[in-house]
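Order of writing sets the labels: A, B, C and D. Residues in every chain begin at 1.
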Amino acid sequence: MGHVPLSWYLVLSAILFVLGVAGFVYRKSIITVFMSIELMLNAVNLSFVSFSYELRRIDGQIFSFFVMVVAAAEAAVGLAIILTIFRNRGTLQIDEVDSMKL
Amino acid sequence: MNFFIVSVIKIVLVFAVFMTTLAYLQWVERKVLAHIQSRTGPLRVGPHGLMQPLADVFKLLTKEDLLPPYVNKFFYLLAPFIAVCLALISISIIPFGPEIEVGGTRTYMQISDVNVGILFILAISSVSVYGVALAGWSSNNKYSLMGALRSSAQMISYELPLTLVIVCPLLLANHLSLRAISDSQAGYYLGFIPRWSIFQMPFPQIFGFLIFMVAAFAETNRLPFDLPEAENELVAGFHTEYSSMKFACFFMSEYANMVTITCVATLLFLGGWHPLFPAPYSNWVATAVLLFIAIACFFQAMRPARKRDQYTFPFFGIGFLILAALWTVPSFQFILIPIFWFAGKVAFLLFTYIWVRGTLPRFRYDQLMHFAWTFLFPCALLNLLLTALFVAVF
Amino acid sequence: MIDTILFIIFAILAIVSGFNLVLQKHPISSALSLIGVMGSLAVLYLLLGAEFLAMAQMIVYGGAVMVLFVLVIMLLNAGREKGSTKSWFAQIAGLPLLLCLVALLGFLIRAILPPLRSVEFGSWVGGTAEHIGQLLFTTYLLPFEVISILILIAILGAVVLARKELD
Amino acid sequence: MNLWLIPLFPLIGFILNGLWGRRFSKAVINLIGVGTVAVSFVYVLVVLSKLYPLNTAYSEHYFTWLQSGFLNVGFDLLLDRLTAVMLLIVTGVGLLIHIYSVGYMQHEGGYYRFFAYLNLFTFFMLILVMASNLLLLFVGWEGVGFCSYILVSFYFHETWATGAGNKAFIVNRIGDFGFSLGIFLTVITFRTLDFGKIAAAVSTMPVEAGFGTLAVLTLLLFAGATGKSAQIPLYVWLPDAMAAPTPVSALIHAATMVTAGVYMIARLSFLYDHAPVAMEIVAIVGLFTAVLGATIGITQNDIKKVFAYSTVSQLGYMFLGVGVGAYSAGIFHLMTHAFFKALLFLGAGSIIHGLGGEQDLRHMGGLRKAMPITFVTLGIASLAISGVPGFSGFFSKDAILSAAYTHAPWMFWIGAITAGITAFYVFRAYFLAFFGSYRGHHHPHESPLTMTVPLIILAAFSLGGGYINVPGWLSGLYPLLEHENKVAMIVSASFGIIGIIIAAFLYVFRPGLAESFKNKAGGLYTLVYNKYYVDEFYQGAVVKPLEAFSRMFLWKGIDRGIIDAGLVNGSGRAVRGWGKALRHFQSGSIRNYATWVLAGCLLVIFVIGLYGGSR
């Protein structure tokens, strides 16, 4: 058994990303949709780290790090928004939050 | 292949010692608390209740494994598992002593040395919230949920000062590996002041150490910060609905966390296995202490408080004499002396845990959070700033 | 050898957790699945020589972000999802589009990328704390400072949003 | 040598007075306003004394102003003998007029504003005369134009003042349009704007026989000059510009700015020399302007208007001079004219000041006792402008007329007759003001010392300025081509003296006779009195059609029809229509939006994968 080619990591990243997109499109709870976004971010992070390995440069990891930090900030604000939505509307179903329309 | 064999031996050894320590830590706690409160503590099972931990294990194993209705089964079963696993994992990177050579094989007195050891500890401790949170939520019980939420909030809040204060010894040591941090504290100022972090120039971390200990108490949900399991308000907090072995898991994880965090405190602040005194004297401290204990045992045997003491204490005395002799054998000293110092420091800190528990009353929840955010956090921040400043300047 | 085994184990764990995230109906199951994905990814980062990032992944994602999610789920007592027919376009077009995405990504990885090196555990450890710190505080100092301001703003925003209205 | 210091001082004065003048006391404003010009004048003297013989041009390069393709325009200042004359006129006469203003403006509002503007004008005028390339000259050119505008509109609360300012500005715009076209043509033709380089380039070209590029170029530049220097057909603004305070009329509209056109042609003499057709046109335009100005001057009753038309007429002489190739004679006349015309205006200002604002000749008379200094100095100026031998005007006018005689005798004869008319109308005004009995109501009094001292100094120069051998000084630049022409000299001088005698006869000895002549002339008099109806003709032939065209075509056709209806409302309607169509996509469902985003991303990835990503 040899070593794993790096493209496997990229394939894994792609799979996770697609799963994240699927979660975003098909899940109906705001929180889960939000988690799907985090999944997508994680998938992209894996790509960053993989390419960082390929190029032997750690800039990719730095970007990954920034993505993490932004995700943390986003989670803080996003969950606060979710809390507010729940307080005002008493629901977490994403399809019921649809008053911004014609 | 050699690496695997050595690793397996080390894992078995550490695991055995660690589990025994956990079991007897509980015995020690009950004994010390009892004596603080002028009681005697466990006495019945074995001499001085020494068999009590074993009996407890049997009791918990043989109890009926109750599964309450209305709980979320999967998470209800998962929670104690998570808790105990995460608690036990951290010990794998704690170094107990320097690099040694046994039978031509050089190895560390540590299961594995990790470059980012301290980050690993932080990662594990931050993830260990899940055990508590899930347990409380899956129990489907408002007391449990309240306990879980409180516990989670408390652990997250106190993690901040804890992390900030950990950074200070890292600044002094300039490394993330626990072994390297400990080694950076070897040596003495003026020939007698140990170069431990709490004494280390340019900015002694005494305040850092105190903040760390306070935060560690909260982090392990121990008195005076054991709000999650405040019996009189929340019945028993997040593990109200747990019984038998599942309860034991939580119990074990609490003690394991205690031991881990005192080990970390020792490594970060108290110089790890590096002795308090310079080389020739420190070699005999262990022997002297053990001899003193042995003599005390014999002395106690001559004036027994109870009848059977006159039979048991001489045995203890002989045991301690043998141990003292063991520490004088030069071919064992290179292993035993670091272990003595490390174990001694950890034991002292653990005793402090119990001591505090026996002395201080419990905080109110709002006081607890208030204390964390408005006192401990700014203090830790200030400490960090000053340390960074001094490190940068000198 | 060992890295191949580790990769396979954790890749499978990540994919299974990812599927679980999408398929489970209860938010908390999804959240735990996501934690599983993140833990697996942390191990994969270690394999790729990004040890600092692996620990950061555990501390930030595992210990902070996901704890927040779990707490919010518990606090709001979010239950199982209900079916909905409002988003008709997502229901109809979602699956074909997803398949297109899979096909496109697969095609891109296969067709466009040149052959990449294979991953050997320990052959290159670039992401030590030292290297990351050096780069972070020299080349990327400005983004770093900007992002710390971003975090500060996020904290304030979260406090303002989540605060109970005082009458 | 730091030539840049010369224009810098007035600029400093402008900045100080302009920004903080409101808070300064009058003494401080005087110190700044007059002092900066005085420093500048002294510095000019210092520079000239250091560079004295100034046989070759001296120039300084400061920085590259524009670098665009082949065109490289530097901020360069130039000092040669021509510039030296102009510098002395601008700073010297300018200084005297500044001093005079202290007295004249004493009781006017906007005191600090006036001095700030004057300083700014001085700055731009200095830039104009020191510029080493056409573009920098144009900066000064436009700058003085702007200053002229704000000074004509100085009494901005009066409609007639702002109207006159607007007229001056707009008429100048027409000329400057030609001037800028001339600059563009210069850039195209010579690929440079530097005077020295143009001269070098032109010297290799043959003299143009017909109507070629150089003729067009020089005539375009001359169009600018007709605007700035009030020649036919753009002279109409200058008489109206008398709405400005009298020192402004003296400085800007007599001594300096209006002569910029003459200076420009003298500066670019190498170009005009190569375009004889243009020269001929310049000479003819100058000649007819001289006649026109002089004839209108006879009939005017406003003392400043008389002098204004006299300025138009004298500028015509200068253009006649440069047009026939006697550049040095033109510049000579420019200088003497600066002296005596400034003196005439300042004297008129002194009268107006003494009479409390009265400008109408019919309400003056017999002022020689009340204002002795003004009487004497103004008399010297009148003699000078009439070309009486011995006075400065005689020398310069004679130089021009001699050259004209050499060039074409008919020009000389018309010029000489005009000189007689000039003498007549100037002395008409002089006699009406100082002789006879007083016909006004205000009690006349002599002006203060700050006003009379400049008058006396200028009178001295008007008297003796002719002995300064300007053609000799400029002989290095412009070879002396006119030889001494005794006949011309005697004829023109005698025409001037005859004009004076007629004026004396009509207005001093037989006052009633003038009235009867007026009545007899009838229609002719009305025609001339109404300035040949040129303003009315312009109004009917240019302004009205332009207004109609603008209203009917530009406003209703293009602005309302195409821009408003088509572009503005049309784009609004298009957006609304698209909005109506696209709003069905706004379903409020986040998941639908996400799916759309996904579709868009797929498109982008697809396109990148197809075209961009392949290596």
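Rule of thumb we're sticking to: a residue touches a chain if its C-beta (ideal position, glycine included) is under 8 Å from a C-beta of that chain, and two chains touch if they have at least 3 such contacts.
Every value quoted in this text rests on a predicted model; they were computed, and no experiment measured them.
S.K.: Keeping to the contact definition above, tell me which chains border both chain C and chain D.
M.R.: In this structure, the chains that contact chain D and also chain C are A.
S.K.: Please check whether dropping chain C from consideration leaves the other chains as one piece, and if not, give the groups.
M.R.: Result with chain C masked: A, D | B.
S.K.: Give the chain pair, either A-D or B-C, that is connected by more C-beta contacts.
M.R.: Counting C-beta pairs in contact for B-C and A-D gives the edge to B-C.
S.K.: In whole angstrom, what separates the CA-based centres of chain B and chain C?
M.R.: Chain B and chain C have C-alpha centres separated by 33 Å.
S.K.: Can you work out the whole-Å distance between the CA centroids of chain A and chain D?
M.R.: 74
S.K.: Round to the nearest whole Å and give the separation of the Cα centres of chain A and chain C.
M.R.: Each chain reduced to its C-alpha mean, chain A and chain C end up 5 Å apart.
S.K.: I'd like to verify one number: the distance from the centre of chain A to the centre of chain B, where each centre is the average of its C-alpha atoms, in whole angstrom.
M.R.: Comparing mean C-alpha positions, chain B is 37 Å from chain A.
S.K.: Could you say which residues in chain C touch two or more other chains, in rising order?
M.R.: 52, 56, 64, 75, 86-87, 90, 94, 97-98, 101, 105
S.K.: Would you please write down the residue numbers of chain A that are in contact with two or more other chains?
M.R.: In chain A, 21, 25-26, 28, 95, 98 touch at least two other chains.
S.K.: So, with touch as defined above, which chain pairs make the list?
M.R.: Touch list across chains, by label: A-C, A-D, B-C, C-D.
S.K.: Residue numbers of chain D touching chain C in their complex, please.
M.R.: Its residues touching chain C are 587, 589-592, 594-596, 598-599, 601-602, 605-606, 609, 613-615.
S.K.: In their complex, what parts of chain A are in touch with chain C?
M.R.: Going by the criterion above, the answer is residues 1-12, 14-23, 25-29, 31-32, 34-36, 38-39, 42, 45-46, 49-50, 52-54, 56-59, 61-62, 64-66, 68-77, 79-84, 86, 92-93, 95-96, 98.
S.K.: Given the complex with chain A, which residues does chain C contribute to the contact?
M.R.: Interface residues on the chain C side: 1, 3-5, 7, 11, 14-15, 18-19, 21-22, 27, 30-31, 34, 37-38, 41, 44-45, 48-50, 52-53, 56-57, 60-61, 64-65, 68-69, 72-73, 75-76, 78, 81-84, 86-87, 90, 94, 97-98, 101-102, 105-106, 109, 113, 115-120, 124, 126-127, 131-132, 135-136, 139-140, 143, 147, 150-151, 153-155, 157-162.
S.K.: Which residues, counting only chain C, touch chain B once they are in their complex?
M.R.: 28, 32, 35, 51-52, 54-56, 58-59, 62-64, 67, 70-71, 74-75, 125, 128-129
S.K.: Which of the residues in chain A end up touching chain D in this complex?
M.R.: For this pair, the touching residues of chain A are 21, 24-26, 28, 33, 94-95, 97-102.
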